[in-house]
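So, here come the structures, one by one.
In the two assemblies presented below, chain A is common to both, partnered first by chain B and then by chain C.
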Partner chain A sequence: MAFEKGARPLARCLQCTKHERAALPIRTFTTSRAALLETTNDPASTETAPPPARQPMSMNPELVSRPSQERRVVAETGKQPVASRRRRYMLKQTQNIPFEQLPFQCFQEARKVLQEDRKEKLEQIRVQRERMERLQAQNVAPQDEGRKNHRLKSMRESLDHLKILADINDPMVKKTFEDKQGDMNKPIYRHLADKKWRSYKRQVLMQRITQMNVVPDVLPAVDPVVSTSLMFGRRNVQHGEIVDSRVSEIAPFLEIQPYDQGERLYTVAVVDPDVPNVKKDGFDYRCHYLASNVRISPTETMVRLGDLSEKQVILPWLAPYSQKGLPYQRLAIFIMEQPKLESAADSACRSQEIDVAKIKEAGRYTKRHGFILRSFNTTQDLKPVGADLFRTVYDEGTAGVMERAGVIGGDIEFKRKKIEPLPYKKLPGSRYR
Partner chain B sequence: MKAPSTALLRTFSPLWRSEATSATARGCIAQQQQADFSSTPANQARNKRAGPKKDARITQIRYHLQHPLTPRPLRFSRNRALRHWTIHRAWQLYQFKLRNKQQSDLEKQYQSMANACEALRLIDNQGLTAEERLKLGEGEAEGNQMGKLFRIAMQKKGIWDGVPIEYARIQTDTPPRDGWNHAWTR
Partner chain C sequence: MGPPIRGVASGRRFALRAKASSAALRIPAVDQQKALAAYSIRLTTAMVLPARPMFSAAPRAPSMATLAVLESALSGLRISTSAAIGSHVSRRHASHQAQGRANKAADGAGKRLGAKKSGGEFVVPGNILFKQRGTLWFPGDNCSMGRDHTIHAAQPGYVRYYRDPARHPKRKYIGIVFEKNQQLPAPVNAVRRRKLGMLAYQMPQTYAVQESADLLTGPQTGLPGNAEMGTAKPSTIRDQPNESRGIKTIKKTGSGKVVDEKLTLRPGYQYRQANWEIGRAAERSKAAQMVKPFVPGDRFAAWRKKNIRVAKNAERRAMGRGGKKGGKK
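For the complex of A and B:
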């Protein structure tokens, strides 16, 4: 193969890769997905994309590399060729080279180091798996059962950690994740997504729910481990945003993204802790939505709160409203995980189902007004794992929304009680009037 | 009597100086927090030509960061950035392993020293432990014979005697002015 003068040093690198390429499946940078993920037990897809058709690049000032062509480009388009001839030649050649085989010496050395490390990690994973199997096969005395389980648990944790370590240095994994094409069934992508969420979005959420005192008001504490995002129709709502009452009239979509393996059942509750109670001179709770047995897995995250079945919904969506003269109403959305099954190994889902019909029959939690989420959590043994928040104020659509929802009191206006100042605090002269 | 001039005082005293704020401070004062506390960007259609108005503080920060000694931020194409990242990760990994290896070497050295000291502590000046003495029918070791070698070792006498003379250079904070003397021989 004849190489041009400017590209001769490069040619040496290219030639060796070209021979290899004949045998290897070509995986270009853009089409490959999760190439090196053997840890997850699923055979990596080996489909190859046909290389894109070559276009005539002779007139592109960024890609010409022959002196005669360069002269032609300068004469015809008046543009000078960009950068060095070697670089232009390389750019022209590298359209078809997969990212991993790009002929940069330092890059290739770095890849070698990383792959060596990956091999080590895979070996460690294999060893750890064998160890776990051996331990599982052991028969232990009943008093040592707890210790064995504890050891198995910690071994599983270290295995998960190793799985992440094996893939975290892969540039293709990073690229795939940044393109949002990561497969959430694989531990590495779940890990990356979790880190990303915790770095910003979760902090914002925590700030909102603590600043607006949702956390001690509705539930004593929450440590979110699943991320949530709320959508009314096509409108994405930030945590704590004030939503127009006409927008929030229909039940929203809730995206619940867990970052750990497996299917599980969640209970979703929407509670308004700001319902005024004039008699008490205080505030009550009102439940706007309550549904149990919502099946969520890392890949199936979308919940349409309006479309859940009869077996799941305890209290259907009631449009949130405020009344005239009231400050904003907080609508706290809590995601609670249902208790774990004892024998989680044999079934696909790891949580127990809640008997919705029984709850409805008992009637204690079917009244919206005065719904206390703490008590519901205690009786059903639920654990809060996620939270979200939006607000509503009295606006021009609220009266209509309340009328359509069949709620009376759309025309009530709340006013502050006027407190007469004490006589000596009155303005001089006013007490003689 | 004529009052003394305060011109000199005015020049140097901070109390007399007129309140001329710096350009940075003026910029900051001119633009207080105008946007409301929301994360959504300001309406772009308001300012037809220039897009949303830049915060004066941001302008000032950018201006002062633009110093000839400030390193340029790395601006790479995507592939280039990924390659850079790969190399960076490999280098970090290499250094991590190196550090781990050094640490484990040190630990091993410390352990073997400790083991040697323990062995010394358990033998008498004949090199026999208490059990070996019993086996040989020697009876109990007398007085301070047990662990004598250990005590001598702990005195650490003369351990700096055989240190080469090169190590005796006075330790300084900076390297010598004439660099390394390659011609030096003993």
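For the complex of A and C:
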């Protein structure tokens, strides 16, 4: 079998009786109870997850290593197998020894140093918290209120930084994050995920947005701080990909992943800036979707654009289409953060709600054609925090999609306007010899 | 008595050969003496002949060295210097370069580079705005650069020469604006000025009908088919179904018996069989009818076939043809 073939040299090396090393117990990557308590005792949240119940090896998503078994695990438990098949195979072969009993001296010494450092950081966190409490308890003159708040804000920032520093060197944290099992309620995992996103995916997104000129065309600027991923049914769409018109006929799922603490309310808008206008010989905007008050937290990230309630949706999904002969239509998806609520605790939702009924009643932003996102953002005091993009071109499904969506113009074809050459101007005779 | 000394013997042989070669190349020894005598008569009195005393010994032939010295002395006096005699002639080297860019060649023909349209001039797509070697100017808004760095207009409008520090701190750009009063570079973060440059046309009806018919009669849409749209009259033979075309029946007497053959009106307005019918004619032939169909897994038939083949090959080998030994049996 392929996976066994791949892992065979490593396994053989570890099982080989010739070398002394094989007699040593080999460290495994599974979390034991003690290691879990010791390493992931996060200061930010007091609750600790109980260790997962022991499962039979063939059904354990951490140990299953055959494709057939993997499929069974997915079908029966609904859990994806953890990490690579090769690693799972290796784990099955080796013994389950907790960290602190591993016989590698250097490793144990290094762990001691890290634990020492962690203790130091925890102490600093405690001190910082006490300081903040003291400052909060102080009564200050009204003119010093702003200064106090500013001080508190900077102290909170340094506290967040300390929380990350306390955990960042922990091997278990690294392992859990790489297995995609990190708890996004904890600052360290949010920090790692943010770093990972910024290292590649955000750069790709920024490149697509700037190269395809979404940023000056739809909104003047955007600095994404939430990551987005788009899915039509089960099909994941990369930023800027050209999507078949029949695929994009149904409303997509949008995953919005914020990397800071707390629940927020967001507004999602899908705008096409490439609507042809023959009369003006230019382009117009068309809104394909608009919804407000979408509740997102670091752990609840999935939005089904088709399933939002009446209180949220201002303009329901309109299938994107591009008429024949036109260049591709960009469908820019923008995530806007709603204005902050001043009197809100850290844990509670920190955004103001938008009155959707009022917007619908006013009618200015319920017309799809000529929807200008810049003005909507200004009137509603929204701040763009995330973006996504896909494209659509005329294909064999477009006419049907338009007909089903009740859009006229499926039989319209665009052709280049012929431009007459400039009249030939004869140069003065003196120039000809 | 020891063995003969090789060095001495070979040395003598070389000397002999040298003498012989000198004789062969130049003049026989006796004639040489005569010639020398004749030359000496013609010599001026002022001429000093270093080898003079040797001539007194008349019966003895002059040595090689003497001859060589004499030769060189006399060569200067000859009227014509022939190469055969082997005289040395001094070469004159060129003091002036004959090839390449001697003395800095003058300028070549002008290449007609430079601006072809000035700032503010109206241009249409394809107009050349600037010809250059390398990129003195870069294409800005609504311009394009050709293979030889020529800047072309891509939209109708007015030419602008400008710099855009937000795009590049050092580059100079040529761009096109649509209105006379517009300026470049455009303000940062403003919506781009774009032109559609297209006109909308009604699609030819046949395409639209076909496409929508294809789409709407699919079972997955769950929508009623558009029967009223599909009744457009086909304009060519190609669009008609086979049944509605004209059919001719002819009698064919190919293989002894008379067969009726139906010919339909094909594109090109001729009555003939369809191409697929012609293509499958071989399958209906007599030879094709004789072939037994292959049955996979019929080992008995395979065994019989093999036996026939082996027997045939053995017979052929017995006839003395096909000299191969280890071939297929």
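In this section, the second predicted complex is superposed on the first by the 326 of 433 C-alpha atoms of A that agree within 3 Å, B and C clash if a C-alpha of one lies under 4 Å from a C-alpha of the other, contacts with A are read in each partner's own complex, and residues count from 1 in each chain.
Definition applied: contacts are C-beta pairs under 8 Å (C-beta built on N, C-alpha and C of every residue); 3 or more make two chains touch, one makes a residue touch a chain.
Since the model is a prediction, treat every value here as computed from it, not as a measurement.
Q: Just checking: does A:262 make contact with chain B only, chain C only, both, or neither of them? Give me first, second, both or neither.
A: A:262 sits against neither chain B nor chain C.
Q: Is A:422 contacted by the first partner chain B, the second partner chain C, both or neither?
A: So A:422 only meets chain C here.
Q: Please indicate which partner A:277 is in contact with in the superposed arrangement: first for chain B, second for chain C, both, or neither.
A: The second partner, chain C, only.
Q: Does chain B (first) or chain C (second) touch A:403, or do both, or does neither?
A: A:403 sits against chain C, while chain B stays out of touch.
Q: According to the contact criterion defined above, which of chain B and chain C contacts more residues of chain A?
A: Residues of chain A touched, chain B against chain C: more for C.
Q: State whether A:306 touches chain B only (first), chain C only (second), both chains, or neither.
A: neither
Q: For A:110 in the superposed arrangement: first (chain B), second (chain C), both or neither?
A: first
Q: Touching A:413 in the superposition: chain B (first), chain C (second), both, neither?
A: After superposition on chain A, A:413 lies in contact with chain C alone.
Q: Taking the complex as given, what residues does chain B use to touch chain A?
A: 39, 78-79, 82-83, 85-87, 89-91, 93-94
Q: Going by the contact rule set out above, which residues of chain A touch chain C in the complex?
A: 213, 215-217, 220-221, 276-278, 281-283, 323-326, 396-397, 399-400, 403-404, 410-417, 419-422
Q: Over in the complex, which chain A residues touch chain B? Could you list them?
A: Against chain B, the touching part of chain A is residues 29, 99, 102, 104, 106-107, 109-111, 113-114, 117, 169, 171, 174-175, 238.
Q: Quick check on the complex: what are the chain C residues that touch chain A?
A: Going through chain C, the ones touching chain A are 122-127, 156, 188-192, 194-203, 208, 211-212, 214-216, 221, 223.
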